[in-house]
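Chains: A, B, C and D, in written order; residue numbering restarts at 1 for each.
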Amino acid sequence: MHAIVGENGAGKSTLMKILYGMQKPDEGTITVDGEQVTLHSPADAIARGIGMVHQHFMLADNLTVLENTVLGGESLYGIGGRARDKIREISDAYGLGIRPDVLVEDLGVADRQRVEILKVLYRGARTLILDEPTAVLVPQEVDALFANLRELKAEGLTVIFISHKLGEVLSVADEITVIRRGTTVASVSPDEVSTKQLAELMVGSELPTPETRESTVTDRPVLSVEGLTVHTHDAEHGDRTVLDDVGFTIHAGEVLGLAGVEGNGQTELIEALIGLKHADAGTIRLGDEEITGWATRRRREGGIGYIPEDRHRHGLLLESPLWENRILGHVTEQPNSRGYWLKPKAARADTERIVEEYDVRTPGIEVTAGSLSGGNQQKLIVGREMSHHPRFLIAAHPTRGVDVGAQAQIWDQIREARHEGLAVLLISADLDELIGLSDTLRVMYRGRLVADADPATITPEELGTAMTGAASGHLEHEEGDAATGSDADGRPDAASGAQNEENEHE
Amino acid sequence: GTSTESSGESEDKGAAIAYDVGGRGDQSFNDAAYAGLSKAEKEFGWDGEDIEPSDGESDADKASRLNELARLGYNPVIGVGFAYAGPIEEAAKKNPDVTFGLIDDETVTGDNIVNMVFSEEQGSYLAGVAAAHATETDVVGFVGGVEVPLIKKFEAGFVQGVQDTDPDIEIKRQYLTQPPNMDGFSKPDLGKEAARGQLDADADVIYHAAGLAGQGVIEAAADRDRWVIGVDSDQYEQKTLAPYKDNILTSMTKDVPDAVYNLIKSVEEDDPQSGVIRYNLEADGVALSDSNPAYQEMTELTEAVEQAKADIVAGKIEVSPTP
Amino acid sequence: MSTATTKAAAAPRKPVGRSRLSLAQWMLVIAAGLALFSLVRLITDANGITSTGQVSAALRLAVPIGLAGLGGLWAERAGVINIGLEGMMILGTWFGAWAGVQWGPWTGVIMGIVGGALGGLIHAIATVTFGVNHIVSGVAINILAVGVTRYLSKFTFDTMEGGTEKQSPPIESITSITVPGLSDWMRDLNDKHWFFVSDLAGVVGGVVTNLSLLTVVALALVPFSWWVLWRTGFGLRLRSCGENPTAAESLGVNVYRYKYLAVMISGGFAGLGGVFLAEVAANIYQEGQTGGRGYIGLAAMIFGNWMPGGMAMGAGLFGYADSLNLRGGGTNVHALLLFLAILLALAVVWELYRRKYVTALVAGVTGLGLFAYYLAVDEVPSQFVSAAPYVATLLVLSLSAQRLRMPKANGRPYRKGEGK
Amino acid sequence: MSDGGKPGVAAASGRPTTRARLDRLVLALGGPVLALGVAVLLTSAVLLLSGRSPVEPYVLMIEYAGNADIQVLIVNQATTYYIAALAVAVGFRMNLFNIGVDGQYRLAAMVAAVTGAAFSLPAPLHVLVIMAVAMLTGAFWAGIAGILKTSRGVSEVVSTIMLNAIATSIIAYLILPAQFGEQRGNNLTTGQIAESGWFPGFDTGPGGVVYGFIVVAALLGVVYWLVLNRTRFGFDLRATGASQSAAAASGVDAKRMIFTSMVISGGVAGLAGMPVLLGDSHTYSLVFPVGIGFTGITIALLGRNHPVGIAFGALLIAFLDKASATLDYSGYEKEIATIMQGLIVIAVVISYEAVRRYGLRRQQQKVGEELAAQAASAPGDTSQNLSKGASA
């Protein structure tokens, strides 16, 4: 198992895409099983037993798991019963728990990740490339994934594995290659390095961690939610309650961290708070005002900042220049407009300021947001939201896909604003970030807040247990506890791997 | 524009026609007008001009076309269809030395405007009489292309003719499209289905006034071996319809070719026509054709038609142009 | 709507993807619709609405729309919006007639398909290779097709015996079949005007009487398309290009090739629709013969939720309403007012049950209005009759719950190797 | 979009250099010019193939367009096209495809004509009332599609196609003498609007009268640009068009936006029939021009939804329409112009796309280079002031 690490934009994905035939190298050679090859397309790579799980899911939502799996490999086992049997066989062999006939859109991220792996195995790949497969998984899921990978390794498969979670890398990799700006800067063995050293190799600086030193929590409630309930109706599932009697209060200077496996209502909660979903019951108060019935724009004007979980869908206009993106979401506010008129000049000037202050790496503000790298896009969003001095900030996965340097910056900004009395709802799949940054922790499961914990003592594993619904109420940290025996889905637990990983943080 | 440099008089360029929607090949009055022009071309030895309209044009475009033709030296310039009324009024004022012919409209007049109007209702009356005599099921049909006043004249005459002959005969009427959707003149399949509908309802004589879509009507009737009455020109003689000719009882002809020819001739002879010229039954401007031998054999029918014609000419029967 | 449904009877019912209705349930719904129709017919005495002739006319009018719709379906399933269907249809009429006149109708069919596919090829080059906005390219093709066919006619048909620059000489017709005993029997039954039985006979009779072989081909293409797209590897790859081309690419599918193929097949279908117009609906090529049927086909496809069966229903609805219009529209459409009013009344009950009071109110008011109008007049003015297909479509679309789902990457530009 | 971002004065590093500005101008102009050239070449190829002179038609058309009266015709036609194209563009900016402009302007012109003929008011007022009625009618008709889309999710593509056909029927019914029409000869009209309701034109002498409505059209273009680029509403509208989800999260009520822009599009569409109605025909009749809405789609696409681009597009198409008349007189097929229209549309958009891609690639390269340069000059200065340590 070979791990590749590097900053955002270091060229990891690009390298892998070249190995997989999706992009063409300008120079150099690729050798597979001692034979020098030229890969013109993924088909060539597949034919040579290379399979790749991409950084972003490569799944067609409206097709079934079966269809997604057999696509392109129809000649192997057909597209009917034989293929279905083969999928079941693989799924059983590696404990993937795949249901071939559900639509992919109905699957959660962890299941999708497994479908991706299934796709590769189905084609009989001998070399697996996994590009950030763990970015969206909770620790238990990560463990399960690694268990799968180890099994594969035991069977003689080669795994190339990319991750920004260095602890993870050290725990599973047999060999690590560090690349920076497109070149290999080091080749190390996991036994020889610590996360700290690895990070230094990557970026030439120390590994930051999210940490909140002194508490700034006041007793002034900024956001109080009571009995919030949201139903959805869709054709497939009929009526569903996605938020069930959710209630909490966030005070000025407080960061409330919300843990939960994706799909348990966090998205709906965010949407209900920002006004994209209508609350079927319950109240939301911002300061002294009840805002339950307010439209999104009024809420934003009232001081709610929003760092969305999917910046491409909810945070940016990818084809518009940076300064227009700076206006987005705050079109009614200074300095973007006066009355009904926009003030492009002022908006431009302020965009310059944000680019400066938040270190958005861009040659100018006329370039489109889409041409910035993900991390810089995120910095722009953070800068924009912070520029309006929100009273309450919704920060959903604020550092997802952002490299370590930029992560630290974003954390700093959140901390600073918190110091000045900002109330933050933090949602993150990165449990270290969640624990490190939060003053209070809550766990969401199936649309309910099922547990709370003290970030000072809790470990990611304990939190993860609650996230799968296996624990509830107030979570106490117990020394030496290896979480629970098995998680709710009945998948085999592999907590031991996670234990190693945790140690790396010392 | 450059009308100042026009010098049409120097050589005889002959006549020009500006078509209405459909243009040449519509097997209706555009083609008929062209026939008149061709005849004149042969006789007078020049090469006339005929110009098609473009889709969705306005009066200004038509006026421009007429002016351009006048500027190029054509005389007379003939606009086919009532759509040219306004434009001709304008062009006639601008080109006082040129004679303008206007087919199917008499709302605008002028010294150098010749309005050629046809009494379609009178001819259609005869078609109605013929249909009423030819029917055995006592159901007849009328298929109109587009529901515009002009086509309603056909309907009105036909209906009156049938009813005056035998009030018990049932008349099915069907229009294919509504204006400004002119598909009803150009989609034979619509005509075919409409005719089939009437045939299914036991109609055994169908009169169509649907331009090219009428070909569908004729085909459908011939398919079931029922009678169909053609329109505009003698469709019994039309080449494209040869396979169905035996079922074309007769056609209500509109003598546009002669109207056009007469106008051109009058200009050539330096005695241009002027004002409204009515082509009715009396003037043989409209008539029923009798080229189908089967028609000629129906003596009772032909006699009744002749009688009706005489009555109309004599003013004993007044045919209303609106239904 | 239900009559339209029955016309799609030859089409598979299953393709309505995730529909929760089973085959048997669908049959029941269709039967119920037909029964309601029958009831309306008995009340209003408008026997035309389910007569054999009506149904067979509806079928003929629906075929070109359906073929255009299928064309749209193939393209959009592969992610290319094809608003150029109209132009491809025009090319189909011209090429079909041009070859048909000279070498017989079946050669015409082939050449019409080729002509349409050529239009598809241009669309593919513009949209797939050059990444042009799909709508722009389609609009351009529509303009181009009109210009090119008109231009060509002047050199071809105009010089042929019996042709003009707007019209081809007559084309030999394609054989029509009538199922011997069955057709007459059905017609007799239909003429009895019994409840339900006669209506069913009308529908069956309409389908088995005077059926052009090309109609049979067209009908067969609906289930065939479904089978290819949903039951073969080729179809899976093609659909994956419309859902997530990057994913398809990552599995070694040559997305460009499939898009090209799909758009050309799409043009071929539209071209076939054009040939049908030139050879079966009429037996000549005629300028302007398509008259916007390509757009209607697109509408039928959206109506049918990008599924062949649904598309066939939409085309059937248009064909049926068109045939009503052409076959003594006034009284028939008058009868259908009552049908619609009853349908709306049912909708009100359903919406009330679902506690959608506003929708129920709107449906109720519309229904009452229709009913009042039904009582007030004896025959609908011809002007309104010709609007019937369109009003009906709008009503059906706004009544049916909107679960339309187009292929996810439909209309999006795709570049190899540039997927995120 | 490259034409949307005007260089800002205040912007420091974002301000394009003169060189970059020139670059951009070349890029913006290069596309259309290249496209025109290609379209002309392709048309010439068609001409050659059919054994005609590949050059003469252009010469003829250009010569013909030298006539003052033809120029007036072109300008007048372009005025109508311009308004229709603006109406389409409003929708496009929101990713709404309003195919219904055709039905909207016809119905609007009809209703406005009936209203205008029904009474008489002092001159400017009369015209304003007629225009208002037209806008309201167009807005109402488009609004139906808007409501169906927002409340029932009916695709506007389908509903506007249907509404076009329904409008035809309604007009055919209303124009009957039994309703609001009059029969004049074989024509049906809505009666003449009194002279107070005419929009005075500019008499150019020999060329004829240029529609006065061209002023309104130009104003509409300015308003369109101002509203879209300089108002909050316009920003919201563009944002929704660029990304519906992002706009919603930014506080735009997407449904209301859809409805509003549909209504605005319809209102503008309602004016498309006014140049002819108020400047020329003064009545709605069976010969009122049809199909302008569809041409409007082509032009909006050609002009890339930009008011200036649309103006050029409208002039170009109007030129091809009108100047091609001369081909007939000289024995050429007028269809050449239609073929050329199609080719121009394809060629123009292909070259736009090529130019856009080229620009994008350059931009990305620039971003990449800049990043590399920055990273090289100041490596790892981001996390120095951070302490670290486990929270436990």
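By definition in this document, a residue touches a chain if its C-beta (ideal position, glycine included) is under 8 Å from a C-beta of that chain, and two chains touch if they have at least 3 such contacts.
In UniProt terms the chains read D = ABC transporter permease.
Everything quoted here is computed from the prediction, not taken from an experiment.
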Exercise for review: Work out which chains are contact partners of both chain A and chain D.
Suggested key: C
Practice item. Quick one: point me to the chain whose Cα centre is farthest from that of chain C. Key: A
Review point. CA centre of chain B versus CA centre of chain C: separation in Å?
Key: 35
**Study point:** Distance from the mean Cα position of chain C to that of chain A, given in whole angstrom
**Key:** 45
Revision key, fill the gap. Chain centres from averaged Cα atoms put chain B and chain D apart, in whole Å, by 39
Point to revise | Centroid spacing, where centroids are CA-atom means, of chain A and chain B in whole angstrom | key: 75
Study note, to complete from the structure: Among all residues of chain D, those touching at least two other chains are 165, 168-169, 172
Check your understanding: By residue number and range, which residues of chain C touch two or more other chains?
Key -> 383, 386
**Study point:** Multi-chain contact residues (two or more partners), chain B
**Key:** 147, 178
Exercise for review: State which pairs of chains touch, listing all of them.
Suggested key: A-C, A-D, B-C, B-D, C-D
**Study point:** Interface residues, chain A side, partner chain D - complex
**Key:** 9, 181, 203-209, 211-212, 274-276, 295-301, 306, 308, 313-324, 327-332, 337, 340-342, 344-346, 348-349, 351-352, 359, 361-368, 371-373, 404-406, 408-409, 412, 435-436, 455-457, 459, 505-506
Review point. Which bits of chain A are touching chain C when the two form their complex?
Key: 17, 20, 22-23, 41-46, 52, 54, 56-63, 67-68, 70-75, 78-79, 103, 119, 235-236
Check your understanding: What does chain C use to touch chain B in their complex?
Key -> 48, 51, 53-54, 57, 60-61, 161-167, 169-170, 277, 281-284, 286-289, 291, 322-323, 326-329, 382-383, 386
Point to revise | chain C contact footprint on chain D (complex, rising order) | key: 46, 50, 97, 99, 148, 152-155, 157-159, 161-163, 165-166, 168-170, 172-173, 176, 297-298, 301, 333, 335-343, 345-346, 349-350, 353-354, 357
Review point. Along chain C, where are the residues that touch chain A in the complex?
Key: 18, 231-233, 236-237, 239-240, 243-244, 246-254, 401, 403, 405, 407-408, 417, 420
